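By written order: A, B, C and D. Residues from 1 in each chain.
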């Protein structure tokens, strides 16, 4: 059968990324507490396509995914990238895997446990000999508005917010560590299960730690800057305002100083 | 050219709804303040397909939409339904049109104006001589938790919520009336633009009107039951809890008592 | 601490459904090939709230979810419902659990295996002594337009479609059986991994089995009607038309004849 | 009343973007055929926040939006940016406005007209004296697989795809021009309304113009490179494969050669 994809192309245009997008696959990922956690990933897999080839071979991406979905960790992530690059005979390859990740979390007073969902993402690239991996996590939090507290005789508007951090992975860190840093940088964390004594605790804690989206981003940034493992990262906070139908938003990025 | 759709079908299965789904179209809708408002609608159009026909003619639905998109009101809505039924030679027809609808709203203290978005929906059916129209609206509100307020020394968790009402349309009412009923039944309304004095007002108002999702549904239901124009309706409230990553939810439906 | 939820309410309004919506939880579900499959569920849990109570106790729903997430099957589904009803002291309870479910599928010619995702849903209710369970599944398929094939000298437009079936569960059936019925009722099934010989096979198969959304719904309905286990069900097909930016849609429902 | 936002912050962290996200607003945008088109925009507005200030003033963004929503064009877009920068006393400002945009389109044979939706986006930045504007458009198309056609005796799988172009705006071009370039670079365009003779035409045209996602990106890129108005742009094509439940994807970016 003719291999149309391998035919020559004459338009002289390299394509930065060619591949498959949005494939959903069951996957086992590294888990601090239990070694492995079964989840459902959404995966994008791309290669660089030199100008002389007409197309890429989509099925080979899925074959690689098939081979590695049983055990995703930092080592196998780069093995996947290597395999994609080799199998597609490409100068560069990209891999993005995002998945819901659950951590068992204890309520602050009652100590009851429940599973809390965080959205995680591995984004990596291999380009010639260069390899890079970014790890991202989205953490729901509670924020209480400092302005509203200050100007009101009682109460203060508060809301669910979502804090996203993406960090270049150079030295090992756990997703659980990033989550801990973020949750301690908001007015309060968010839980799946809270008893009444926990609700009281969280309500009062949030009231005593009023924070703008700006504050949350700065708190997280400040902590990450003090940890030498984090050399390049972005921090984003979005508050789903309880008094508006839109979000308050803050974002920053930190890169190593060039000398 | 052969008309495949009109060929006979032998499986002896009537289809309750056949047509087009999710078409997006520019539309002018009836507006209380300005007579007409330009918006972008998402439209589903269906007919009943008797078992003897193989298929329906999709393009005819779009022709009807084309003819009526310049002026959607309650009269033309039923004209559209009649036209669909006739043009598709069908015993029954359904029409669902949902659209963002903006109402100019004044902040409670400063009086500054801004546009607030509500999602509206017309859902109608014509079946032989019977015709029915339901009007729905989704209204974002602020709710403050009565339990959290009661048990905490200071503050109370609050959050954005979404209240949805769907009502059988028999006697005329404005969408603006439904919105007003809903917004007065929550801890506070939600605004696009608030100055600092408004934020103070709303924070304090919400703190003084703590309401569960259950309370909001009961308040709205209570008001609608007292208005003879509303004989059949559903009320739903979903709170995007600021201390959880899931929603608190309440729902009820009211139908005329059968005697 | 005061139990605000248990306080009396004087508005005299029963609420049909009160509870939590959209909680995401890791879950093990029954799997035909491997006994159990780990997935991530989205869960709604409601009770009926009699008019005399102010509110429900949201945390108890999550406690039940916690207790049962390790092993969801048809037996434990009803145990969950019983437990919710009892723990919340309610006359009726509802439970909706939807989750991605993967089935290993072989390509039609090469025989290569890959995992295919289907969205499943259990929806159940317990009301006094009455208990009901509906099982739903959404299956992506390929449909090729009979009209386009008929009128064109070559080719025919085809596209991805989504077929949804919801069936009252009275006698045991596997999700895998429903999926098989649906996939054999479209122009072709859809796969995560296809080699070139499979792509040829599927292209030609689809061209030889042209089907409207109407045909797909009738094929599925016809097969389910002939199986005595399916007494009450709905069938829906939505084609994401390749020549339009909207969908073609067909739907029907079948209920036992009343005598 | 105390202005909490203007208080000093001591963490010494600049924030790249602070503002409001996801506000929905009615808007009139420039339209080639009718001068103005009413639409509903989703808007993000940000400023750079120097490290010494605790927070930004969210309400001022909405005031600017209020002032300009009646007439959005390229001139007023930069006026908005200037106003945001000035009103928030910021060194830099960002503005992103995305909206559904409708163009009247004639079917290829019958000539019947209908409205086709495209998603447009203006993304601009003002940083000191530097000002930049990118214009983006997403265009649904039909693509037919060259490999499937080549290897199959009859037919070829085809599907809806979405092509996205983002271009730096330096010299004037119409959105309609970009749309035209993209629609002529796929197997076929997509329409809201087609009569049977149009469906025949499009089916045959697509069969005679088989294109991978890779081909679509190269065709568009080739045409844009030949037009001196486009100096910096990205092109992306995503095919919602009719034989898979995931997408085929291609992407490239073109920047002026540095000398």
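As a working rule, a contact is a pair of C-beta atoms (placed from the backbone, for glycine too) under 8 Å apart; a residue touches a chain by one contact, two chains touch by 3 or more.
Model, not experiment: these values are computed from the prediction.
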Going by average Cα coordinates, which chain is farthest removed from subunit C?
D
When C-D and A-C are ranked by contacting C-beta pairs, first place goes to C-D
For subunit B versus subunit C, what separation do you get between their C-alpha means, in angstrom?
25
Whole-angstrom distance, CA centroid of subunit C to CA centroid of subunit D, is 35
Mean-CA-position distance for subunit C and subunit A (Å):
29
When you check subunit B against every other chain, which residues touch at least two of them?
1, 23-24, 117, 147, 151, 192, 194, 196, 200, 244-246
Examine which chains touch each other and state the graph shape they make (line, ring, star, complete, other).
complete
Subunit B touches which residues of subunit D in the complex?
1, 3, 23-26, 37-40, 59, 62-63, 66, 69, 100, 102, 112-115, 117, 192-197, 200
Enumerate the contact residues on subunit A facing subunit B in the complex.
116-117, 140, 142, 144-145, 147-149, 151-160, 188, 190-192, 194, 196, 199-200, 202-204, 206-208, 240-246
Of all residues in subunit A, which touch subunit D in the complex?
1-2, 4-5, 9, 11, 13-24, 44, 46, 49, 54-56, 58, 146-147, 150-151, 212-215, 217-219, 221-222, 238, 244-253
